[in-house]
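In the two assemblies presented below, subunit A is common to both, partnered first by subunit B and then by subunit C.
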Partner chain A sequence: MRPLIKYIIMKVFFLIITYFVALIIMFILPRAVPGNPVQQLIAGLSTGATSPELLSQYEQALVRAFELDKPWHVQFLNFIMRSFSGDLGISASSYGESVRALIARHLPWTLVLLVPANIVSWFIGNYIGAIAGYKRGSAMEKASILVGIIFSQIPYYWLAMTLIYVFAISLRILPPGSAYDPTLKPSLTIEFVASMLRHYILPFLSLLIPAIGGWIISMRVLASMELGSPYIQFSDSIGVRDKVLFKYVLRNSMLPQVTGLGIQLGFVLAGQIITEQLFNYPGMGILLARALGTRDYPLIQGVFMILIATILLANLIVDFIYVLIDPRIRLGYRTA
Partner chain B sequence: MVTERLEVRSMKLIELLYLLFNNKRFIIGFGIIFFELILAFMGPLLYPVDPFDTNNPPSLPPSEEHPFGTDRFGKDVFALVVYGIRNSLYVGVLTGTFTILIGLTVGLVAGIRGGIVDEVLMSFTNVVMIIPNVLLAILILTYVGVERSGLELVAAVLSITTWTGFARAVRAQILSLREREFIYLSRMAGFSSIKIAFQDLLPHLATFILISFVNYMNVGINGEVGLSILGLTSISIVTLGKLLYFAAITQAFLFGQWWTFLIPGAILILLSASLLLIATAIDEVFNPRLRRM
Partner chain C sequence: MDRLTLKNVSAYYRQLIVNKEVYVRAVDDVSLSVKKGEVLGLVGESGCGKTTLSKVMMMNINPPLEFIKGEVQLTRRDGEVIRLHKMSRRLLKNFVWGKNISIVPQEAMSALMPTLKIKRIAYDLVRSHDPNAKLEDVVERLEKRLEELGLPDYIADRYPFELSGGMAQRTVIAVATLLNPEVLIVDEPTSALDVLTQRIVLKTLADLMVKNIVDSMVFITHDIAIVRQIASRIAVMYAGKIVESAPTEDIIFNPLHPYTKGLIESITSLEPEVRKRGVKYIPGQPPQLINPPQGCRFADRCSFVMEKCKKEEPPLIKIGEGREVACWLYVKR
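After this line comes the complex of A and B, so read on.
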C-alpha cells in the first residue's frame, strides 16, 4: 500500500497548489476590471444632499477600511491570514453585515434546494437509463431515448418560467416564487414547513427534470457498452438469471456516473443564479450575483474561497471513490 | 497519383454521407436543423416584418396578422424568432470553432510534447476548469461593456471556459495513439512532430472532433441563452436567449403571455435536441461498437 500513500501525498500537494493559484486568480480578476465597491457605495450616496467634502472624506475612510490603498499582494496576504481565523471580512454592499453571516444565511436555502434535486435526478435518471440500456431494442428503450433527449435539452430557466406560468398563474395551485410565505417567520412549526414545501415544488421540479434527461442518456450508453463485454455474455450463456445480470451491468457501468454526481455536488455551493432569480429564492446564486454586480470584493472572495475548496474536495473524494469501487484501478496503483 | 487519391477521398465522402443518411436519428436531427435554417434564412423574405418595429399593439396573443403574437414592447415575436435563430446558430458555430481550436492546440501540444510541457499545460487546464464560467463571463463582459460586446465576444467568452474538457480528451487520445506502431515508423522516418501531428494523429481524431464540434455548438447556443438571461449581452442583438431575457424581465410568465417565452423556448429545445441527435448519429455511424447496439 505504500505507493498508494505516496499517491495521496502527491495528490494533496497538487491540490493545495491548485487551490492557491485559483484563489489568487479569483482575487485579482475582480480588481482587474474597472470599478470597485467603494465607488459603487459613493455613487449611491452622491445623489443625496451630502456635501462634496464630507463625501470625499467618507470615500477615503472606506478605501482605508477595505484596504484598497494597499498593493494587492498585501491585501491578499491579509485576507488569507484573517480567513484562517474564520474572519472573512465585512461585505461592502450589505450595510456592514459580515460575509460569514451572509453566507450562513443564504447557504442553507441553496443546499436544501440543490442537493436533493441533484441526488434524486441521479437515482431516477440512472435507473431508467440502465433499464433502457439493458433492454436494448425494446419499446421502453426507444421511449426513454426520446424522453432523455428532450428532457436533457430543456433549459432549466425556460422550464422554470413555464412551470410558474402553468401552476402559479393559470392553475393557481402553487406560489410563483420566494422560499416561504413572507408573512411567516422561519421556524420549525408545521405551518412554516408546509408553506416552505409548497414553495419548494416548482424550483425543485425545474432543476430535477432537465437533470434526469442527462443521466438517462449517459447511463443508457454505459449500460449498453457493459452488456457487450465478455463476462456478461458468458454469464448469460451459463444461464445466470436476468435480475442478477442486470445487477452486474448496473454496478459495473455506474463508475462514471458516481464521478459525475460527485463533481456536480462540488459545484452546488455556487447556487443556481437564474433559477433563484426567477423564483426570487434567497440562495447563494442571488448572493453571488449581487456580489459580482456591486464589485463587493470581500463577499466575492469569501464565497469563492469556500466554493473552490468544495469543488476541489469533491474532485479529490471522487478520485478516492474510483479507487474504492473499482478494483482494476486499485491494482493499477499497486503495480505502479 | 494525386488525382487517384482525390478520387478515393470523394468516394469516401459520398459513402459516409450515405451511411449518415441511412441513420434514422441523423435524418430526424438534420431535418429539424434544415427546417430551422430555412426559417432563419428564408424567413425575412417570406415574412418581411421588421423585428425592431415597436409600432404594433403590445402583448397581442397569436393571431393571423402576428402568427406568434407581439411582446410587451410591441415587437412581432415571429420576426424576432426568425432573427434569433440565425444569431443563436452563429454564436453556436463560433463557440464550437473557438473551443475546438483552443482545446485541440493545448491537447495536441501536451500530448505530443509530453514531459514538463504536458505538466504545465495540464495544470493550467485544471486551474481554468475550476474557475466558475459565469464569474469570468460577468467580469469580461462588464469590462468590455455589455452594450459594446458583439456575438463574437460572447462566443469567445463561452469558449474560454469550455475548452478544458476537450483539451483533456484530446490529450488522452494522443497519449494512447502515440504508442502505436505507425507513429514509431513515422518517427524513424525522421518526420517532424508537426508533420506527425497533422498527417498521422489528426485523421484519427477527425470523428471525435466533428462530434465535439456539434456538441460545443450546443453548449454555445445554450450558454448564450444563459448569459442573455443574466443580462450580459447587448439588448440590440436579437437571439433566442434575448427573447427569453425579455420574457424574464417583463415577467411575461406572471402576466400569462405564454407566446413570448414558450415559443422561443420550444424552438431552442428543438435546435439543441437536433444537434444532440446529429452528434449521437455521427458517433453511431463511425463507432462500430455503438452501431452494433
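After this line comes the complex of A and C, so read on.
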C-alpha cells in the first residue's frame, strides 16, 4: 500500500497549495473592484443629517476597524491568522453581526434544500437514463430523451417563476416564498415542520426538475455505450438474464456519474443565488449575493473560504470514492 | 450422431443505401452438420460470413441481421431435438444459450463483466438458468472446472482485468462451458494471443472434448495452421457459402476446391516444401455480397475457371466418404 500513501500525500499537498492560491485570488478580486465596504456604509449615512466632520471621523474609524489602511498582504496574513483560530471577522453590512453567526444561520437552510435536491435528482435521473439507454429504440427511450432535453434545457429560474405563478398565485395552494411561515418561530413543533415542508416544495421542485433532465441525458449515453460492449454481448449469448444485464449496465455506467454528484455536492455551500432570491429563501445564496453587492469583504472572505474548502474536499473525496467503488482503479495500485 | 444441423440457412444484413433497401448476403444457403465428438473447423478469410454463421448457429439474430430461411436443429444429450429457428429469442436465451449451445467470443479480454469477480460472473450465469443456485455451490463448481482446464482456482476470486490475455481467454472458455453445453462455438480464440499462449488455449479447448465437457465444437478461424491442430473436420467458407468440407487431413494434403488450394498454399510455415516454393497468395478480392455474381462466387479469382462457372452456381456435392465440394471441376458430365 505504499504507493497509495505516497499518492495521498501528494494529493493533499497539492490540495493545500491550490487552496491558498484560491484564497489569495478570492482576497484580491473584491479589492480590485471599485468601492469598498466603508464607502458603501458612509454613502448610506451621508443623507445630510450627520455633519461632514463626524462623517469623516466615522469613516476613518471604520477604515481602521476593517484594516483597509494597511497593504493587502498584511490584511491577508491577518485574515488567515484570525480565521484559522476561528474568527472570521465582523460583517460590514449586517450591523456588526459576526460572519460566523451569519453563516451558521444561513447554511442549514441551504443544506436542507440543495443536498436532497442534488441526491434525489441524481438517483431519479440516472435510473431513468439507464433504463432509456438499456431499452434502445423503445418508446420509453424516446419519451425519456424528450423529457430529458426539455427538463435540462428549461431555465431553472424560469421554472421557479412559473411554479410560483401556477401554484402560489393562480391556484393558491402553496406559499410563494421564504422558508417557513414568518409568524412562527423556528422550533421542532409539528406546526413549524409542516409549514417548512409546504414552503419547501416549490424551491425543491424548481431545482430538482432541471437536474433530473441533465442526469437522464448523460446517463442514457453512458448506458447505451456500456450496452454495446463485448461483455454484455457475451453474457447475453450465454443466457444471462436481462435483469442481471441491466444491473451490469447500471453498475458500470454509474461510476462516472458518482464524480459528477460529488462535484455538485461540493458547490452546494454556495447556495443557489437566483433560486433563493426568487423564493426569498434564507440560504447561503442570498447571503453571498448581499455580501457581493455591499462589498462586504469579511463576509465574502468567510463564505468563500468555506466554499473553496468544501469544493476541494469534495473533489478529493470523489477521487477516493472512485477508488473504493471501481476495482479497476482500486486494484491497479497492487500491480503498479 | 449429429449434434447441430443447419439446413439451407440464409441470413442477410439489411442495409439502407440512399433510401434503397439492400441485403448483404453474409450467409447464403449454407448446410452443415456437426457430429458428436467432432471439432469442426470453420475456415475462411475476413468478411466471408464466419462470425455471422456462428450467430445463426445459436439463432442469435439481431438487427440489422435477418434470418431469411433454413433450419437450425440441435440434438440434446437426452436425445430431444430442439428446433432453434422456431424459437423466440426469449426462449432461446432462457433455455438454450449457455445450457445447450455456448460461445466463446472474439474479444475475450473484454468479454467478462469488468467490475465483478469471476465467481460472481459465474454465479450470475448459473442463477440465470437455475434460480435456486447457491453461491457456494457455484464457486465449488467453478473451481472444479478451472482445475479441470488446468487453471489455478484462485482465478475465481480475481477480477477479469487482473488476468493476462491467455488466462482471460481460458477463463472465458471455463465460464462459457460451466453448464456443460452440448455444442461450443469458439470464434477466433487465438488471434489476439502470442504463439505460446495459442498452444495453451488450444490445449484447453482439446481438454473440453477429452473430458466430455462439451460434445461438439465449432472452431472458427482464418488460420488453417491453427485449426488443423484441433479440428477433426474442416469446412471452408467463401463469400457466404461453404465451398468444401472434408476431414482435416484431406483438406490439408488433398484440397479439391481451387479456393482451398489457394488457402493451403498461403500458409506461412517452416515446412521445407513451403520454403522452396515461397509463400503464395490468391490474387484478387472476394465479390461484393450485396449483389453476388451469378455462377460460382470464386470464378473471378479461380485459375481453373470455365464458361460454366460464370453462369451456374456449383452445388455442394458429395465426393467420397465425408467429403463435399462445390466446384464444377468435380461434377461428372
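As a working rule, the second predicted complex is superposed on the first by the 329 of 336 C-alpha atoms of A that agree within 3 Å, B and C clash if a C-alpha of one lies under 4 Å from a C-alpha of the other, contacts with A are read in each partner's own complex, and residues count from 1 in each chain.
Keep in mind that, in the parts below, a contact is a pair of C-beta atoms (placed from the backbone, for glycine too) under 8 Å apart; a residue touches a chain by one contact, two chains touch by 3 or more.
Everything numeric in this text was worked out from a predicted model, so none of it was measured.
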For A:Pro182, is the partner it touches subunit B (first), subunit C (second), both, or none of the two (neither)?
-> neither
Applying the touch criterion given at the start, work out whether A:Pro230 contacts subunit B, subunit C, both or neither, answering first, second, both or neither.
-> second
Partner chain in contact with A:Thr162 - subunit B first, subunit C second, else both or neither = first
Could you tell me if A:Pro52 is touching subunit B, subunit C, both of them or neither one (first, second, both, neither)?
-> neither
Of subunit B and subunit C, the chain that contacts the larger number of subunit A residues = B
For A:Arg251, is the partner it touches subunit B (first), subunit C (second), both, or none of the two (neither)?
-> second
Parts of subunit A lying in touch with subunit C, wherever the complex brings them together = 229-231, 233-242, 244, 248, 251-252, 255, 326-328, 331, 335
Touching residues on subunit C, where the partner in the complex is subunit A | 58, 60, 93-94, 96-99, 102-103, 105-107, 110-116, 121, 124-125, 127-129, 159, 161-162, 172, 175-176
Could you please specify the touching residues of subunit B with respect to subunit A in the complex?
-> 123, 126-127, 130-132, 134-136, 138-139, 142-143, 218, 222, 225-226, 229-230, 244, 247-248, 252-256, 258, 261-262, 265, 268-269, 272-273, 276-277, 289-290, 292-293
What part of subunit A is in contact with subunit B in the complex they form?
-> 14, 18, 21-22, 25-26, 29-30, 32-35, 136, 149-150, 152-155, 157-158, 161-162, 164-165, 168-170, 176, 217, 221, 224-225, 227-228, 267, 270, 273-274, 277-278, 288-289, 292, 304, 307-308, 311-312
